[in-house]
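Okay, so here's the structure we're looking at.
Naming follows writing order (A, B, C, D and E), and every chain is counted from residue 1.
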């Protein structure tokens, strides 16, 4: 038997039931770059970190900044919580698809036992005309018991309503910190696999960070592997299997890094990026500029047909 | 793209579904000052603090004191718990709208992990003829997981029944105390955004208090900002976006301060005030007097059409 | 506006929906003293304290002792748990009304975080022909979150089935102990208000005990007030507003004290008493004797028409 | 009024609704000794203690040993968990009634906060043709809140389906240990009353053990009473009121003790015994022998008509 | 009465309801060795341990490796979580039966209080055409209360839909560690019995490990028994009664050991094996080779007809 390279994954869309296929196709081919890649704009930092993320670009405090950006710059979709989906999205319906993020939390308490309860439902997503649902899963958290059980309900509702499921797969919690923390290759790789096995259609991953000191704390064989960041992200994308992978940006980094990461994930078989602060913490014209460069990279580095 | 000032927010009413619009309009235009502002009378201190709040004005221990005050002084609405809504409100139905406060708790246990469970429902509110529902959200509490999940149900029921949702957005809990406590600009700003993103139609905020010692403990950039209280409240109102903001009074302060705060919030784009002890801890005629001054301020400082 | 004295409360019955009114009227006017007062017999000590309460009068261990006493001495109602309501009450149906106590617990574990889950339902009460439902609320307990949420369901079911709700309003828990304990004027006053705001039709209160050492630990202004026990109970009755108040007896005290307390609560605007051990820890004829004196006091000291 | 001796309890059957009466009658009169007594065979030690209980008589590891014993020796009923009820009972249906034990747990974790969740339901019992349901209640455990709430559901389902409820009333938990432990007269007496008030039709009690050292730790008046074991069990049976009492055996003791205990409980007004290890830890013919002696004792010492 | 040897258990299939019988028969006779034995391929290590298990054979990271192996080597069934059941199984439907594993967790947090919540349901299994459901029960964990309650729902749904229930019976948790840990004869024996009594149709057991130091910590009589591994597994199989037993492999061991264990469990009356890493951590042709040897052993050592 000849084993195919994972980046030659079988088409995801062909495995999906009609509702999921219709909606996900919309994100992949009708909006955004349009070539089967995903360029997503997240705007949930107002709850995850608070309004402090908006100060570098005060205009961004008004949610319309991100909604207009998503619509005018041609995003595949915008991801936000229920409040903005109800009060801001209606003005942009038809101009950019919506991913309703159904759980979230503040960053005030420690994330030692991170867990985000749902504040909206798949039914809300259907009602609002969303094309996908987003869920944050804290992989490895001491409260994974509640997290996985809650995700079950969301996943089942997604199956019931034909709603694509995007999992924000975040390694987190005290036990993980003792094993090298949330940014190691080990942690991200585990999170990618976990999300796929739990039923994600799209997995949002952070970029693994190679740090020998932290890698030493991870379980074998990760603690002895010496891989480049490029190789690490390739492995993580493989771990997500048929689920599509979008790379998350995190706090604002320089342009070169943004584009390098984008190239890495696309060449690894990923399907796109979900950059928030790296985009909307910029003034309007600068934001449009980096978006254009990201879009070019997505178009130039496709290595997988979803 | 030209970014509008946030205080020039798009009309909230235009984004609301018919039931919410009908009911909220009643508070904004048919009762109270009547010019699209909100003058709300809260009477939940009997459970939140106990009867001790009534001693400065013994007459206030009888709930009829507040109900009569709300009806005769022309309030936009009165907010209370289920017991009084069932046993006292019927006599005043049609004279002043009711906001049914659906959760609450005593202040006997510490508020390190504050959380208020619901003691009534949106269905109760519908049955009693209420025009809105009130919910206390403890932003940043270690038990935010249960709080947000519970709020989800209330919010969904509000959507189902067309009931406006007023969120008492209170920063609270041990983790927040370590970041400067519940009264900083940081804390109130976060709470305002949180409430909006969770689906509030109206957000009740406390006045941020500028205290350099405490502000130092807040996350960047708040820890290095030097803003006036006026500017702080302006920012907090902005963070609530299209949701209307009403300012809460807290413990009794002097008249001048009451009126200054009222002016601040109105000029910042807020929609009104919700003062309890500052009003009903006064003897009847004095209460009417300060109410008149508050109402004048609401009429004089409108900067936003809801 | 002229503020009425609270003891001139508006009729409670006139505010109640038909089902509640019919059933509560039965207790107030068809059974017991019959003049709008309540003489209630509680028999839940077997679970709250265990059989040890029966040793002073061994005959009382057989539940028929209390059932016969309630029926033959002409009580307004008898309150018990589901087991006795199912196995003993049927023989006395029509002879004395039943208050089904729907929650309870043993006193074996500490009451630092007191909470009683329900062991029967309002539907059980309807099925068994009860005329009211009893619920113990531990005001100020660290687990008030679960208590208030549970009470919500009981209260809603009472509204649905027209079943009067009697709240055993007990201040309790470690946090309260640090503020002077469960017997202070502060604690009882808070409990009375809490029960009323949570929807009680009748509130069962313990007699506040004046103890300068403990009162010092209570919040202002209670810590500086010097009130008589008579005045304290008057204030507590006021805090219950339109809800009727019945005074609880606690452990067995001397006859004079029993009758003094009865007079105090009636003169304060209360509606009756609920004495258990003070009655059935006596031998049959002695029990009848003290009951007669209590009934006379209820008839002689009425100061409120329910 | 003349107070009857408790052992002259009114017939339990006459107070039961038709379904319960039919099924309980079957155990009392159609199977077992047949004179209104109960000879029950429990086989839940495999989960409560593990297979270690089977080593004294290896044949007993095969559940058929107990099923055959119950059927051939003429038991009133056999009590087991869902797995054996589904896989072994069908072969014996009609030969011996089934009590489905609906909760249980291993003894691996400490029993400081003992609590057994349900692993089957009253509906399962109905489906399997059981004639009663068994429930273990840990009286006085710190988790009594969950226990009583769970029991409520089981009890309500028993009322709904006419299924007799047998409560294994076990004093347990850290708080109880501090008051003398689970075997004192105080503890068993409390458990008996608790079970009756919670709605048991039949109560399973352990034999109280008189131990002056432990009794000193119990609450008054138990700490000063000097009663014989015979008197203690008599009081405990009284505390169960109209509910029938069956005595549990515990670990294997000598024959004389087994028969003495049986006589005590029957003379005290109890209705039978539920001995497991004392029976099936014996080789087949020895088991039949002791069963015969137990049965004779049940027939000889009846003091109550159920 | 003559007691049969447990390895001469009555046919399990004859006790099962039609749906369970039909599906389990498919695994036993239509697929796999086909002689009433079970050769199962588990692929849940990606969540239970993370992708680290795939490094010894990188090809195994792609789930198709295991799916093809299961289909082409003629397995009785393959067991996986919902994500892979939805995205990979459809291509192999009809070629190999599916066991949907309905719960799972990462190994990041400590297993001191191990508990796996469900991430899919029996209804999912029905929808996907699965022939059995898998559930991990952590026997002896401090959270057995939640585990047993959750299992109840899965078991009841299995009864409702006629879906065979396979229990992964794993002794686990801090209390068990203090009694010798998860691999002793005591622990595995208890787990086997527990699974059977909780309603398993098939029980997955780990091989007991004889270790005198650890055995000393187990309860009597285990602490004094000196049994061979062969005898220990025989006893454990007996404890599972009529439920079928499959032996689990654990981490990769040498071929001889794999085959010895297989022989042990089959001779003890077991029904097969469920080896994961011992199979798919091998390169394709090597995997096929060991599978062939295992299959031969299953065929050669049958001692029980299911």
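Convention: contacts are C-beta pairs under 8 Å (C-beta built on N, C-alpha and C of every residue); 3 or more make two chains touch, one makes a residue touch a chain.
Not measured: the values here are computed from a predicted model.
After Cα superposition, the angle needed to carry chain B onto chain D is 145 degrees, rounded to a multiple of 5. Under half of the residue numbers at the chain A-chain B interface are used by both copies of the sequence. Chain A and chain D, compared by their mean Cα positions, are separated by 57 Å. Taking each chain's centre as the average of its CA atoms, chain C and chain D sit 35 Å apart. Each of the following residues of chain A touches two or more other chains: 146.
Beginning the circuit at chain B and passing next to chain C, one meets the chains as B, C, D, E, A, using touch as defined. Chain contact summary for the complex, chain D toward chain C: residues 1, 3-4, 6, 10, 12, 15, 139-142, 144-146, 148-149, 151-152, 155-156, 159, 171, 173, 175-176, 179, 186, 189-190, 192-200, 219-222, 235, 238-239, 241-243. Within the complex formed with chain B, the residues of chain A that make contact are 44, 46-47, 50-52, 55, 59, 61-65, 68, 72, 80-84, 86-88, 90-91, 104-106, 108-110, 115-121, 124, 146, 284.
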